[in-house]
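Here subunit A shows up in two complexes: once beside subunit B, once beside subunit C.
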Partner chain A sequence: MATKAAPNRTVRFRIKRCDGPGKPSYWHEFDVVPEKNANVISCLKQIAEHPVTASGQKVSPPVWDSGCLEEVCGACTMVVNGKVRQTCTCLVDVYAPNNGDTITLEPMSKFPVVRDLWVDRQRLFHNLTRIKGWVPIDNTYALGPGPKESPEKQQVRYKLSECMSCGCCLEACPQFQLETNESKWDDAFIGANAISQVRYFNEHQTGKQLKSDRLDTMSEKGGISDCGNAQNCVKVCPKEIPLTESIGAVGRAVTIHSIASFFSRK
Partner chain B sequence: MGTEPGFFKRHHFLLRRLHSLSGIVPIGLFLVNHLLTNSTIAWGMINSRGAEGLPPSVIEQVGQSTAMRVGTFQHEVGFINNMPFLILIEIALWVSIAFHAILGVYYATSGSPNVKHYAYQDNWRYSLQRLTGYVAILYIFYHVATLRWGWTWLTPTDEPWTYERASSTLAMALRGQMTGLSAGGMAVSLFYFIGITACVYHFANGLWTAAISWGLTVSESAQKRWGYVCTGFGAALMLLAWASLIGFLTIDIDDARQVEMSKHATTAATDQNALVEHLAAAETE
Partner chain C sequence: MGEKRVIVVGGGLAGLAAAVRIAEQGVPVDLFSMVPVKRSHSVCAQGGINAANEVAKQQGYSEYQHFDETLIGGDYLADQGPVLEMTNYAPKIIDLLDRMGVPFNRTDEGYLALRMFGGSLFKRTQFAGASTGQQLLYALDEQTRRFAAEGKVTMYEFWEFLWPVLEGEGDDRRCVGIVAQDMRTMQIRSFRGDAVIMATGGCGIIFGKSTNSVICTGGAASRCYQAGAWYANPEMIQVHPTAIPGADKCRLMSESARGEGGRVWVPRKKGDPRPGHEIPEDERWYFLEERYPKYKNLVPRDIASREIFDVCVNDGMGVYGENQVYLDLTHKPREFLDRRLGAILEIYEKFVGEDPRVTPMRIFPSVHYSMGGMWTGFEPGDAVPDEPVAHVHQPGETPPIGTEPGHGMKFGAPNNMMTNITGLYAFGEVNFAYHGATRLGANSLLSCIFDGLYCGMSVVNYINDCAPAGEVSQSVYDSAVKQEQDKHDALISASETGIDDPDTNPYTIAKEMGVMMTEASSVVKTGEGLQRCLDGLKSLRERFSRVRLGDGSAWTNQTLSFTRAVGDMLILAETIVKGGLLRKESRGSHYRLDYPERDDANFMKTTVVEFVPDAEDQHRVFYRDVIAPYIKARPRKYGKTDDAKETPKAEKEAATSV
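Moving on to the complex of A and B:
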């Protein structure tokens, strides 16, 4: 990117901190002279090495989560300047090109905080089990080759397969709320990524053996009917997954499924 | 305590879809019909049969245009009022609106609008859908209470709305005085403007989202195309809504009364009471 960032500038990081689950949060500010081509994670590393706030107070190093550092694992997802995104690909030259610019970092608000910028995305993975996000091939003997997949469906599914369960689409969704009580997860809105995964697995020739179960889940409380069509999910998805098309497609499947089961369910 | 999930949980999906459906039929369908009827007070002047049945003396007195506007509107109102089982239609409508409104508030309060951080156009649509829903409740309640249930103490006039004199009594309830606007009339007219604008937006946007919810529009381009249709349809409805308001704000109330009286007398001439009433009214005139 051809942004001109001032060399040797100081960037102020405002970081929302929290000492542990259920503890109150508070803010710390740190000044950083970013390395060349720095991203937010590399600046966090600088801060952690030398955790002294802008007002000179020595504090505990901030905690965050990250993995791949190339935007494929989703672990480093945070709220940067009010908007959710991955921080490993969040370039400081773009976000803070001038001396004295500020970058504000917060943990995602729709998942419980473990510590500081690190959240627990367990519910997201739990939601994938709600929709049976797998292809059923377990058996005691080799089942042989599966049915043929058409190239057209492969094209559709390839894009959907890129979901890295980062949680951006859930953080930005006005219908998806923080739920710390695990026993309520199964009734709470499931969110765009899981709806899209329903389409992903139902489009698969072997995966669609579980189609009916998935559509049942989609037509329960917390299923697709709790989506309010705000379409924020599709705009914040870093993988540009066509989430709103998946919502339309699963909406259609659920309409047909519910009419069919009205007439045929025993 | 039973382990059976409650009614609302068991029928969650069905209730959601019925909510969506109720917004389109009967509520949306009624809205279209209602605005078509009401806007005749503005475009009735191009209805060549608008002044039919009115004595030439009255037409001459109030002018061709007013005669046609009020004549058409009164004719439409009379037609609705003479529909069979009107009370059943009304009850079905009230039940649907109550159902849609109560569930609508419950659904709206379960979301957390966030346009502050995600200021996308679609997100504004989403938030406005909730906001216009709340406005619609207030407006529809006021509208029905003042005109249908006769709560005149909430209007700037003490003349109750009646179907025989629909044009003039509605104009009074909007304006508060025979010419111009009273202070209260200004407030009521502004509230009407906001209320009808909110209802039309809510309906047009609801048509757009309903198509996704039911799975009619799947691809992004289909959603876009249907979006143009809903925008066009919404714009046309909006024009009808505003035309209705402008019509009632510009009609000459005194002239409207003349038309209503002679219209009522001619259509109800066989009705002994109406005739006596008309003669008595003519005498005091």
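Moving on to the complex of A and C:
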């Protein structure tokens, strides 16, 4: 890394903790001497092995979510120093190069906390069901190849398909709010990632068969009209998915779809 | 008591392919995963998926040659029938994934693009950028979501598998469900299932730092092993030649980097202080190309890993004198790299802070994949030659066996990929089939999906004929739950908030196991080193018997889940080391310095391990002949030059005299 980090320095981790749903939050601070090439996850592992706070209090190891540690699974998303991101790619040499630097870790705020830094993002996957996020193939038997596709179109779809459902775009969105009541999920704003997935599936020749259903969902309460166009989503997307472009594309499709439905109703 | 149902444990490619195929047959599926299935480890697969395709076929390639390559790649340790069936079926899988909407890279005309991969001289790998595994997993995740929305698949995410529920003794013993724990509420309960499919992946975390996800502990496989399922070829662990070493894990740099033209080299001058891109062409040592003029950088992984290890560790020729070599793509156009390898180049950039399009990447081998796994059987197919073919199949020749289903493994036979426990199956990386002693790149996605689709039908046929699990006495389930609840409660009672004594700390014990295993049982092994490791593991198990947890919480106790897995990992680790100690030969990924040659007479055999809980040595090892009716084992050289072993010394002298 270009940044020169001080060797054998101590980094202070401020961690927002919570023992479970409905329990109050509190803070613990830990001092860590980061290993070579440390990231936030390797420091959390050090803390778990030695869960003693900076003031010497023995506490339970913090709980966090992680998976691939290569920024393709989306699990380890947290709020680091006030900004949402994956913690595996959060390099400590960059974030805390000097002795005594502090890194603050909080759970994402738009999803219910399970414990400490681990949140429950089931709503995110529920929203993928809401938009019928699949290609409706007949069956899994050998029926020959799928539709041909131009390389240009493939490049567009590939980019959209890199969405790992991490939820960064939702954390940054002023319109997407915490909703712990599952029965309200279908009326609440669906968020940028699901809208972008609508575009993804509607771009596919077979996926298109459900286009009308998806656009209906987009026209309903919690659909695309709830987007406030703050454009925060695209700024925080770790995969640089063109979310605002998707929102624009789906918005236009919804308009055309509404007009078409209006006339077909007559 | 209701209709028959199937339990699938694990939501990676194998588990999801099985769930979709079985649900499609009208059988309800209960799918268990420690993580939302979309976050399963299959996302980490990068390079692609192999299949004989039309272009390659018209250049002389065939399914049969894919079969032949997979066998020699695995150094003839795989039973041949399932491999034949898989390679014959592979093109169907590509078509299906294509129909599911996987954004495979395309040619100008819109057909599937192809790339080179290790162990072949043909382009036979389909790919979606450099995140093929992610794209394939998402496609199957989407189809699973569709079945879940229709109520045909029930999802249990954040549930951890604890134990298979077995009933009956001897030949009547069968699996009738599982015990699992909700990782949030910590509730432990049983689930009935007429068949159980383990699709729980590999065990890289046993080695501490590997390319694996944090969930790949092998804990589930170890629990099945402890319950009586055989474990096979545990010693066959693949070390991937190209990964970025990190503090928390080693990050994979796909073989596709070499498939797309990436070159591996070190400076000819030992410890050359200049950055890679400033070193002129004639001062670079392309040691793989020099030693393997035919396959060059695309020799199988075990060979590439050993050569890199040799150059760095034995010759001290690593970049900047450290254990690292260059993986160089800088000669390729930026646009080409972004389109075909963008995802992995971004990973490198994010973790190392250098642009691999400008500066050659610095990489080193890392534990990556387990060819070994739960032992599974199969019903042989209808291709029954008098004797295995000794003739080396040449491109363009008519293959001696056709591609119709059922030649290698009988279609729909209930025992395909069933373990030695009736009703308990193992699919994907967690079984030992297909890859022998080394897996070829881009064959793993294939074997996972093949198991799910092809052997999924075997599971359906099995449950159609088995006695319903619904009629099994509740006491069978209750006693399995009690066993797991007791283990859980014992761990909770061994907790004390914040305790961090390294002697009994589960995280410290795991870390020490990882170091020990990587040192003794990865790229190069010796009998002495393995024995020392086995002794070390024994002392870790003793310490583990006194383990103390820093968290006694009854809610979302991650420390408990991890600690339980550490105990199971230690047991599996012993099988890996013991298997390696007893295999006194070198074959594929298993390289014994003290037995450097392959020994077909004594070891063209599957290592099978059975757990004997009350014995002094709990791992009873026995051997089964490899079922090899089709192709006779050949020497595995990959065209290595005869003078290759001399080369490094000559180079080294030349280099040091500069």
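Here, the second predicted complex is superposed on the first by the 256 of 266 C-alpha atoms of A that agree within 3 Å, B and C clash if a C-alpha of one lies under 4 Å from a C-alpha of the other, contacts with A are read in each partner's own complex, and residues count from 1 in each chain.
We adopt the following convention: a contact is a pair of C-beta atoms (placed from the backbone, for glycine too) under 8 Å apart; a residue touches a chain by one contact, two chains touch by 3 or more.
These figures come from a predicted structure and were not determined experimentally.
Peer 1: Clash or fit: subunit B against subunit C, after overlaying the two structures on subunit A?
Peer 2: Pair status: fit.
Peer 1: For A:41, is the partner it touches subunit B (first), subunit C (second), both, or none of the two (neither)?
Peer 2: Second partner only, subunit C.
Peer 1: Pick one for A:177: touches subunit B only (first), subunit C only (second), both, or neither.
Peer 2: first
Peer 1: For A:232, is the partner it touches subunit B (first), subunit C (second), both, or none of the two (neither)?
Peer 2: The first partner, subunit B, only.
Peer 1: Quick check on the superposed pair: does A:97 touch subunit B, subunit C, both, or neither? Answer first, second, both or neither.
Peer 2: It touches nothing on subunit B or subunit C.
Peer 1: Which of the two partners, first being subunit B and second being subunit C, lies in contact with A:249: first, second, both, or neither?
Peer 2: first
Peer 1: From the CA centre of subunit A, what is the angle out to the CA centres of subunit B and subunit C, nearest 10°?
Peer 2: 160
Peer 1: Applying the touch criterion given at the start, work out whether A:133 contacts subunit B, subunit C, both or neither, answering first, second, both or neither.
Peer 2: A:133: touches subunit C, not subunit B.
Peer 1: Quick one: subunit B or subunit C, who's touching more of subunit A?
Peer 2: Result: the larger residue contact count on subunit A belongs to C.
Peer 1: Once the structures are superposed on A, label A:258 by its partner contacts, choosing first (subunit B), second (subunit C), both or neither.
Peer 2: The first partner, subunit B, only.
Peer 1: Quick check for you: in the superposed arrangement, does A:112 touch first (subunit B), second (subunit C), both or neither?
Peer 2: In the superposed model, A:112 contacts neither subunit B nor subunit C.
Peer 1: Just the number, please: smallest Cα separation between subunit B and subunit C in the overlaid arrangement, in Å.
Peer 2: 20
Peer 1: Quick check on the complex: what are the subunit C residues that touch subunit A?
Peer 2: Listed in rising order, the residues are 20-21, 24, 35-36, 38-41, 43-44, 92, 94-96, 98-101, 103-113, 128-129, 131, 134-135, 138-139, 142-143, 145-146, 148-149, 157, 184, 213-215, 245-249, 251-252, 339, 343, 347, 350-353, 453, 497-500, 505, 507-508, 511, 550-553, 555-556, 558-559.
Peer 1: Which part of subunit B faces subunit A closely enough to touch in the complex?
Peer 2: Against subunit A, subunit B makes touches at 9, 12-14, 16-17, 107, 110-114, 116-118, 120, 122-123, 125-127, 129, 209, 212-220, 222-223.
Peer 1: Within the complex, which stretch of subunit A touches subunit B?
Peer 2: Its residues touching subunit B are 82-83, 172, 174-175, 177, 187, 219-221, 223, 225-232, 235-236, 242, 244-245, 247-256, 258.
Peer 1: Which of the residues in subunit A come into contact with subunit C in the complex?
Peer 2: 1-3, 19-20, 34-39, 41-42, 45, 48-52, 57-61, 63-64, 66-75, 88-89, 91, 94, 114-115, 118, 120-122, 125, 128-129, 132-137, 139-140, 142-146, 148-151, 154-155, 157-158, 161-162, 164-165, 201, 204, 206-207
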